[in-house]
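Listed after this line are the structures, all set down as C-alpha cells.
The following pair of complexes shares a single chain, chain A, combined with chain B in the former and chain C in the latter.
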Partner chain A sequence: MSMANSPPMKDRIRGIFVRFGFLLIFAGFVTFFAAWNPVFLQGQNMLNIVEGSAVLLILALGMTLIVATGGIDLSVGIALDFGAAFAIVAMKEYDAGWVTAACAGVAGGSLVGIMNAILVVGLRVSPFMATIGTFFIGSSVQRIFTNGGGPISHRRMPDGFREIAMGDVMGIPLEVIIAATLALVYFVVLEMSVWGRRVHAMGMQRPAAIVAGIPVSRILIVAYIVAAATCAVAGLIGAASIRMFTPLAGFSYLLDAIAAVFIGAALHPRGRPNVLGTVAGVLFLGIVTNGLNLMGLNFNTKDALSGIILVAALALAVAQRKLR
Partner chain B sequence: MTEAALSLQEIVKTFPGVRALDSASLTLQPSEIHGLVGENGAGKSTIIKVLAGIYTPDSGQLRIAGQHIHPITPASVHDAGIRFIHQELHLVPHFTVAEAIFMGQELAGPFGLRKGQMRHRAEEFLHDRLGVTIHGNRLVRDLGTAERKLVQIARALIDGQAKVVVFDEPTAPLASAEVKTLMDAIFRLKQQEITILYVSHYLNEIMGICDRVTVFRNGRNVAVFDDVDDALGPKMISAMVGRDLDDIYPARTRSFAETVMTLDKLTGPGFEDVSLSLRKGEILGVAGLIGSGREELVDTLYGLARAKGGTLHLHGKRARIRTPSDAIAQGVVLVPRDRRNDGLVLPMTVGENITLATLDEDATFGVENRAHARTRAARKVSELDIRPANTGAIVRFLSGGNQQKVVLARWLARDADIFVLDEPTVGVDIGARAEIYSVVNRLAQDGAGVLVSSSDPGELIGLCDRILVMLRGRVVAELDPARQSMDDLIALSTGATNAPQGQEVPV
Partner chain C sequence: MSATIPPRRRALEQLVGFAPVLIFAGMLVHIGIQAPGFVSLLTLGLVLEQSLPVVLVCIGMSIVVMAGGEDVVAGGIDLSIPATTVLAAGILAQWLAADGGFVMACLLALGAALLVGATNAALVAWIGLTPLLASLAMFGAVVGVNNMVTASRRINVDHPIILWLRDAEIAGIAVGILCVAAFGLAAYHLLHRTRFGLHLQAGGGSVEAAEMVGLSARRHLAIAFLLAALTGFIAGFFVLARGSGSSPGVEDNLMLEMVLATYLGAAFSPRRVVTLWGAVLGALLVGAITIGFKSMGVNVFWLGLIKGALILTVVAFAALAKRGRA
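Up next, the complex of A and B:
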C-alpha cells in the first residue's frame, strides 16, 4: 500500500507533464518568439493577435458545435460569405439601417444552415457530403450573383455597422468583445446545459442517444442553423472592416477552423470537442502565425513551419492524453 | 499418459495491489476441447494474456507438447503453434474475405499479389477445415456475425501451423441460431487434431462442446471436471461462486394489480397479430428464436420501429409510440439487447450515462445542476451496487454486469412503470445475473409491469410469471413456468410441438 502513497519520481514528473504539457509547449513558443523579436510580447502585438483571431474563433465555435454532434461542417465559409453579402446588399440596395442589415446578414447565413439541416436530417446525407454539397452550391450562387466573383463594395455604410469592426469598449476592439461573448454563450450551452450534454451524447454514440430518448433530429436541425448563424456574425465583422463583400472569402478560414477544433479536442482529457479547447486552438494558431510573421520568414516557408508546429503540438497533446 | 498439449504451471501474476493469478495451473490434453470458466475477475483473461505473451508472469512456466517455452512472448507462443481467437474481430470491414484472411500474410509472386490463389485458398480452407461455404470476394461488412467469426478463425489458422487454438468468448456477439455454425466448426478443428481452449460465460455451450472443464476462482484453478454430464452445470456454478447457488432466480412472491399495457392484434415489421396484456407487478416473458419477430416487437413497443396495424393501450388509454421519446414520456422504457451500442454511451462516465434520461430534472433554465445529477447518480450506484462505486468511471471499462446495471439505473431514476428488457443478461456473468434478476424482481414488486424478451429459456422459466412463445412472427403459445419446463419452452419456440391450446392464444 505504501507504494500507492508515494509515487516514484518518474511518475511525478510524468504527472506534471500530463497536467501542464500543452501549457509548457505554449509557453515555450511564446518565449522563443519573444527572444527572437521583443516586439512579440508588446501589448499592441498581443492585441493584434487577439483581434486577428476573432473571426476565426467565431467560425471555429460553429464548427465545434457541429463536430460535437458527430458531424463536420465544410460550409462554414459559405455561411460567413452569405452573412457579409446579405448585410452589404441590404445596406447598399435597400438603404437598411445597421440593425436591419446585421439581422439580414444573420438570416442570410442561417439559410446555409437550413440547407445543411434539410440534407443531413431530411435526406440523411452524411454531414461531410451534405456540407460539401452546400459549399459547392453556395460558392456557385455567389459567383452567379456577382457575375463571376467581383466584390461588392459599399463605402458609405452606416456608422453603426462600421463600428462592428472598428469600435471599441475601453480600448478593447468590439469584434473581440463579440467573439468573447459568443464563446461564453457557446461554453454555457455546450458544456453546462442539458442541451449540450445531449449534443455530446449523440455525437459520441448516436444509437445509444436515441434509445435514451434524446430527440437527435431536432438537435441536429437546431445545431446546423445555430452554427451557420454564428458564422454569419463573422461575416458581418468582415464586411464592416473592409466595407465590402468579397465572394468566397470565407473559404480561407475553413481549414484553420477545423484545425482549431481538433486541437481543442486533443487537449480535452477525453478527446471531446469543447469550447475552451477551441479557444486555445485558435489562440495557438494566432500566436504561431504572428510569431512566424515577426521572424520575417518568407511566405512559403511560413506555411510549412506552421504545419510542422501544429502536427508536433498535436502529437504531444495526444501523447499527453495517453499518459493519463 | 500422453504428453499434455499445453500446460501452464503455477503461474503467479501480480499487479499493484492485486494478485491476479495466484499459482494458477491449466493443462490441456491433445485434441481435446477444454472449457475454462469463472466469474469476471477470476483470472481467466489474465491467464489468457499470460499465455499470449502480453503479460509476463512473476513465476511459473509454460510447456507446449513437453517443450519448455521461455521467455513467453507473442512471437514464441506463435512459433509454438498457439493461436488466439479474440473476442473482438479485428477485421477490416471493407476488405474481401480473402483479403481479410491473408492480411499481413499475403501470397505474392514476381507479378505482385496472387489474388486468385489467395481467394482459392481462403475458400478452400473455409470449406474443408471449417465446413462453411463463403465466397472469397464478398466484403467482410456484408457478412453475418457468425461468418465474420469464421473468417477470423481462418485468418488465424490459414498458415497450417496451429496446434492449440484459444477461443475467448467466441459466441458473445452471436445470436443463438448462429452459435451452432461456430460449434460445428470448432468440432471439425478437434477432428483435425487441434487442441482447443474454450473460454466462455455460457455454461450450456461449455457443456455442449467441451471434453473437460477447468474452473477458475480468485486467481487460481479450483476444480477440473473430467465428466461432462447433466450434473456438471450446478457443480460448475458452485465451484465458480464458491458456494452452492441453488437458485439464482428470486422467489415468485409477486402480486398483480390492474393491467398497464394491452396489445390487440398489433402488427409490425416481422410480426403479426400479437395480442398480450401486462399487469402491474407482473414479469411477462417473450420467447422466440431469431426471426420469430420477438426483437421487432420489442423495437415497435419502444418506437424504434413503426407498427402497421392493431392497437396499443397504456393504462387503459389508446396510445401511440412513434419515437423512443414518446415511449419514455408514457412511462415505457427499454433496456436494449445491444448494450454496448444502444444502451450506453461508452466514452461517457457512469454518472453521465445514468442521468442521460433525467437531465431536465436536474437543471435550472436548461443549465445542468451537476451536484444534483451527481447525487442522483451516486444514489443509484450504491442502490444497485455498481462497481467500481465511482460515478466518474468510464462506462467502457466496466464489466458486462455492471454496464447492464448502469442501463437499469438510468431508467430506475425515471420512475417508469413499464420496463421492456431485451436480453437483459447477455454477456453477464452468473453472480451479476443473480443481482440483475433481483433488481427486476424488486421492480415488479414495486408495481412496475416488466416484459422480458430473451433467448435464454432458463432465464424465462426462472424469472417470469407467464411466457409467450413467438414463432414466425406470431404468438403461438402461452406457458406457465410453474408447471411447464425448459424443454416445453424450447419445443414450442422451435416449432417442434404445437401449442396445447392451438394456434391462437386467448388473452
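Up next, the complex of A and C:
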C-alpha cells in the first residue's frame, strides 16, 4: 500500500478495481492457465469448459430463482438425484420410453420442490432450515432405496435418452443447448416478465410486496417447484451420460451452485441475483476447474485450491460491489 | 397485544412451544421401552462421550448466533466449525504420526484453526459477506485443505494424551466429559457473567441498538468467529479420541448434528432463542437419539431421515409458536 500517501492514485486504483476488479481476475486466471498449458485456449477445450459447465449452470439457474425470492435452496442436489433416479428406474423397471422416462425424472425432482413449498409456505419454516431438512431426508431416502448408496446402472437405455447427453446439433453438444435454452427461458421470465419483477420485489422487500398485493405464497410455491424441476433436468443429463443413477451425486454441485449465484449477484449493480451474472459465475468456476485439471495437479490439491479460489472470488465480488 | 390473548390460547401456544421437547421425550421413552438396556448409567456415559465433539462445536455455533443474531442467512451462523474441527484433527494426526512432538502439533493445529476463524471474521465483518455464504464457502475450502493435508486417508493416532482423553477416568467419570464440562462452564461464564459477553450478546439482539450505545457489533461478531474456531480446534482432539485417529468425511455428519442441535436447543429456551445450554442439551439429545435408535437395531440409513424429520418438526413448531405470538 505504498500508494496510501497519494490519494488521487489510490482513488484511481480503487476506481479501476470497482469497475473491472472481477473481470481482471477473470482475465488473470485465463492468462495464467493459458501460459501454463497452451491447450487451455484451444477451441476444443473451450467447448469442454462449456460442456462441463452445463449441469452446474442448470442447477445454478434453479438456485438463482430461489435466491431471487429471498430464500436459499440447499436441496438442489436432491432434486438432481431424484430426477436421475426416477428416469433410470422408469426405464429399467417399467421399460419406459425415453420421453416417459424424462417426464418421470422431472416429476420425481418436482416432488422435492413440492416438499420445500409445503415447508416454506405452508409451515412457514425458513428456507434454509426447510431445505436442509429436505436435503437430509432426501439423502436418507436414496440410501434406503439403494440399500446403502450403491449405483443403479442401466446399460441398455433407449437411444433417445442417451442422446440427451451424447447427442449434438451441428457439433454443439445437446446438453449445452438444453442448458442455454433453459438459461434463455430463465432470463426472459426472471428479468423481463411481470412475474420475474414480482419475484425480485418479494426478494428485496417481502412486507412491501405483500402490501402491494403480490401473491407471495403462490409465487413461492411455483418458484420452489420450478427450481426443483429444473434441477431434475440436470439429473437427466447426468444419468444419460454415465448410464446410471449414482446416489447423492448432486451434493457435489451444491456449493458451486450457491457460489455461482452469489458471484453473479455481486456483479449486479444492485447486488441482485440475476441470470446473466449466474452464467458468468458458472463460467468462472468452469474455467478454474478446467484450468486446474490441465495443470495436472493431484486430486486433493486441486480440490483444496478450487475451494480457496471460490472463497477468494466471493470475497472479491462482494468487496467490489460494496465499494461502488 | 399480549393482554388481549385469552388464557386458553396462551396455554395452547405454550404447548406448541414445548412440542419439540415433548416429541424428544416421547422418542426417548419409546427407545427406553424398546431397548431396555438403553436407560442405564453405562449408556448415559456412552452418549456423553460420543457427543463430546458435537457439544463443543455447538458451543462455538451458539456463540456466533448470539453475537450475530438469529437470522439463519444474514445473522450469525458458522457452518465452517466442523471443517475447522476435522482440519485440526487432521493436522494433529498427521504431525503425531510423523513423531513431530505434541506441543508443536497443537500449535500448528491451533494456528490453522485461528486462521480459519480470522478469515471468517474478515469475510463477514470486514468485507460484508453474509455469514451463511462465507462460512459455507469456508467449509468447502477447509475440508479441501484438510483432504490435501491428510491425502484423504485415515490416520491412526495412539499418542498417550489422545488415549488418555479417550480412556482415563477421574472418580468414575471420563476425563473427556470433565474437560468439556469445564470448557462449557468457562464459555458460559464468558458469555453471561462478563462485560464482554453481554456486549457480544447485545450485538446479536439488535445491531442498531448496540451501535447506538457505542458498542461495535462487528468487532464482537469477528471475535465470536475466532472463539468458534477455537472450539472447533478443541473439538478436534475429541474427534481424534472418539475415532482413535482422523478419518475423512466426519465433517458432514458433524455439521448436520451441529445445526440440528443448535436450533433444537432454541426450543428449550423460554424465549425460543439459541442459548449455550440449549445447544448443549440439544447435542446430547441428538446423541441419545442416535445411539438409542442404533441400539434398537434401526437401520443406519434411516437415521438421516429421522434426524431430517426431527429438524423440520422442531423448526415448524418454532415457526408456529412465533406466529402465535405475533
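Definition applied: the second predicted complex is superposed on the first by the 300 of 324 C-alpha atoms of A that agree within 3 Å, B and C clash if a C-alpha of one lies under 4 Å from a C-alpha of the other, contacts with A are read in each partner's own complex, and residues count from 1 in each chain.
The rule is simple: contacts are C-beta pairs under 8 Å (C-beta built on N, C-alpha and C of every residue); 3 or more make two chains touch, one makes a residue touch a chain.
Predicted model only: the values in this text are computed from it and were never measured.
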Using the superposition on chain A, tell me whether chain B and chain C clash or fit. clash
If we overlay the two complexes on their shared chain A, which of chain B and chain C does A:L267 touch? Say first, second, both or neither. neither
Touched partner set for A:P207, first chain B, second chain C, both or neither: first
Contacts of A:I219 with chain B and chain C, given as first, second, both or neither: neither
Is A:A54 in contact with chain B, with chain C, with both, or with neither (first, second, both, neither)? neither
After superposition on the shared chain, which partner residues are touched by A:M192: those of chain B (first), chain C (second), both, or neither? first
Count the residues of chain A touched by chain B and by chain C, then name the partner with the higher count. C
Which of these chain B stretches, 20-28, 56-64, 74-82 or 110-118, gets into chain C when the structures are overlaid? 110-118
Using the touch rule from the top, collect the residues of chain A that touch chain B in their complex. 1, 3-4, 188, 192-195, 197-198, 200-201, 204-205, 207-215, 270-272
So, in the complex, the side of chain A touching chain C is made of residues 72, 119, 123-126, 128-130, 132-137, 139-141, 143-144, 147-148, 255, 258-259, 262, 300-301, 303-308, 310-311, 314-315, 318-319, 322
Contact footprint of chain A on chain C as seen in their complex: 72-73, 119, 123, 127-129, 132-134, 136-145, 147-148, 151-152, 256, 259, 263, 299, 301-309, 311-312, 315-316, 319-320, 323
Chain A contact footprint on chain B (complex, rising order): 16-17, 302, 304, 323-325, 327-328, 334, 336, 338, 341-348, 352, 356-357, 359-360, 363, 366-368, 394, 410
